[in-house]
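Every chain is named by a letter (A, B, C and D) in the order it is written, and numbering of its residues begins at 1.
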Amino acid sequence: MGRFLLAVLRRDLTLAARRRGDWLIAQFFFVMVASLFPLGVGPEPNMLARIGPGVLWVAATLASLLSLSRLFSDDHHDGSLEHMVLSPEPTVLLVLGKSLAHWLIYGIPLLLIAPVLGIQFNLSWEAIFILEISLLLGTPILSLLGGVGAALTLGLRGGGVLLTLLILPLYIPALIFGAGAVDGVVAGTGAQAHLSLLGAFLVLSLMIAPWIAAAALRVSLE
Amino acid sequence: MPDDALLSVHDLACARGERLLFKDMNFTVGAGELLLVQGGNGQGKTSLLRLLTGLARPEAGEIRWRGEPIGKCRDLFHAEMIYLGHANGVKDDLDPIENLRFAEGLQGRAFERERAIDLLQRLGLSRCLDLPCRVLSFGQRRRVALSALLLADAKLWILDEPLTGLDVHAVALMEGLIRDHLAAGGMAVATTHQALNLEGVKVQRLLVGNVAIPEMA
Amino acid sequence: MEWASWSDFWSMGGYGAYVWGSYGVTALCILIEVVLLRRSAGETRRRLRRMRQWDLSTSGESQ
Amino acid sequence: MNLYTFSSPVNFYQLSGKLIPWFMGGAVVLGLLGLYIGFFVAPTDFQQSEAYRIIFIHVPAAWMGMFIYLVMAFWGAIGLAFNTRMSFMMARALAPTGALFTFVALWTGALWGKPMWGAWWVWDARLTSTLILLFLYIGIMALWSSIDDVKRGDRAGALLTLIGAINVPIIYFSVQWWNTLHQGASISLTKAPSMAATMLVGMLVMAFAAWFYSIAVAFIRVRGIILERERQTEWVKTILEND
């Protein structure tokens, strides 16, 4: 079981390393969306600090969605997805492995870029620290729930847009708790409660999303 | 049911969309046997193979492996079965050896590098071992997929048009591989449009669909 | 009875636009749904009947 | 009559055909009665004047929007667990009506909120989760319409309905939590105005009207779906030839 999970991870990481272009696009997208906001709402530092947490979280959500439509579709296209589903190992593990790989490839870089953007938004060091923790807890949720959407929309016309439509509503709790934690620091009310709830939502997603995504994958391959 | 019927199909029905492709299908395949599935385009050959793998679910009826419905013994069945569909399952960004390594890992098995290289060479890929599969020809990529098939050591092969894109040598090679596989007690279910030379092999033929072949008058 | 006159009724104590805006849009929604439903029910039957006739005519030719 | 009667399309088609006029008639009668109570029996509210009369559609619509979603999730779960064809068809037939009521609830909520609280929209837990509910309805219907294969669409839609059903309460509580921390939006919609008994009766009657209407409309829709899906069967062929 461990070997299987590791094989899925290593495979997806190797493939991502061979195709750095796709990977870079998602990160640039994150930076660009976040950079558009100060241009749209004006450069007033206090206001930027107010909206910063929310903007960065929304941008992270969208950047994660951008890459999700290809979570299964590339493998579906060349037939390797069928081979993976026909493996004696459980499909849930496959989905878990692929979501985890997606998080490592697309989620972790967001964590590395976010502090820089945080400075752009005039966030304090403490707020940036909490932003990092909230992204650390929150981005895996995006990958896990996104796996459900990617599995449901596998091989459909306009699957990418549909995926966004299906999955964004499910992201709302993560967005509220994640941005709220940073907001709490900015407003001086503390972040701990938000982070605990974000953690609870992560555990819940971890327990439920892979099963539903695995079921959806089997349905889509039928 | 005879003892050697490892794979058995009972009153199977299959629908695509709202069209019933076939119903009341019954057959058994035992060790050392090849089942050749025949029929015109759109008669449900591929659908039948996908049912047999467990990817699709039948409209009615049951498929059993070693006497148990495949839904009930999924892990065992998948461990003993390998499927090669229209798509090769070969990643373009990886070279053939890497492809085999990950294919083995995804089946939950350890990778035997020497054996993999040996197989790739036997299938005439010795000169492309370190090239990304993107630069290989269609037939060469098909051979990579066939190497993965051999490497898996599965009891049951389910092959959807395994000969597409292969040249004469490769077809002859494939015939030899199937013969060896069956002689060693393996079994296979295959569709093909090409004639196969399979002397000394126990072949069953199954006609899918209601239109007799040749379809063209 | 709460209402002294019809105009009293329509004005709803000054909130007529809100109240009748609510009821009007609700009625419109229900009306649209019912009309669409009737149309699509008829269409389904017509289409199925056409398909049936087509099936019959083609199977007649081949036999 | 047993459970099988409902799970077989042909029986359901005939039974629902007989029931539709009753439910539709019931919806009309109850609706008229509810409107009569709402406009001519219920007294003027001393706080809200006449504007409160919107609740006679707002509250039943909000209830139905939520209730229909739960029923869809129920049918989806049954369909996934037991592979029953009728349950998927019911889920498909219910969705548009559920979305309609959810939209009506949002619309009337805005028209009620403006005179009462001075805002068309506040990011309150109920409003937000109702809006998300509408998004989920739209997402499910979009998923159905983009999947050509009926069986795949049924199952995919059911899975999405289920994960949405888990998520809506979480969204509700997270928005509520979020609101308590943002003093800016401190308008509380949870304080229900003290209600006269006649108002409650009117609201309940309207809720039953909406319920009957939903059943009737869902039955009409499901009959269309049944005909479409069972068109290869003999009984559908006879029906098509006889009328």
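Everything that follows uses one rule, which is that a contact is a pair of C-beta atoms (placed from the backbone, for glycine too) under 8 Å apart; a residue touches a chain by one contact, two chains touch by 3 or more.
What you see is a predicted model, and the numbers here were worked out from it, not measured in a lab.
Set side by side, B-D and C-D show the greater C-beta contact count at C-D. If you average the CA atoms of chain B and of chain D, the two centres end up 48 Å from each other.
Mean C-alpha position of chain C lies 16 Å from that of chain D. Inter-chain spacing, taken between the CA centroids of chain A and chain C, is 42 Å. Put simply, the C-alpha centre of chain A and that of chain B have 37 angstrom between them. Those residues of chain A in touch with two or more other chains are numbered 222.
Annotation for chain D: residues 149, 231 touch two or more other chains.
Pairs of chains meeting the touch criterion: A-B, A-D, B-D, C-D.
On the side of chain A, the complex with chain D involves touching residues 148, 152-153, 156-159, 162, 165-166, 168-170, 172-173, 176-177, 180, 183-184, 189, 197, 201, 204, 208-209, 212, 215-216, 219-220, 222.
Here chain D touches chain C in the complex through residues 39-40, 42-44, 49-51, 53-54, 57-58, 61, 96-97, 100, 103-104, 107-108, 111-112, 114-115, 213, 217, 220-221, 223-224, 227-228, 231, 236-237, 240-241, 243, going by the rule given at the top. Those residues of chain B whose C-beta lies close enough to touch chain D in the complex are 17-18, 20.
Contact residues of chain B toward chain A in the complex are 53-57, 74-76, 78-79, 81-83, 85-94, 98, 102-103, 105-108, 110, 132. Residues 148-150, 229, 231-232 of chain D are the ones that touch chain B when the two sit in their complex.
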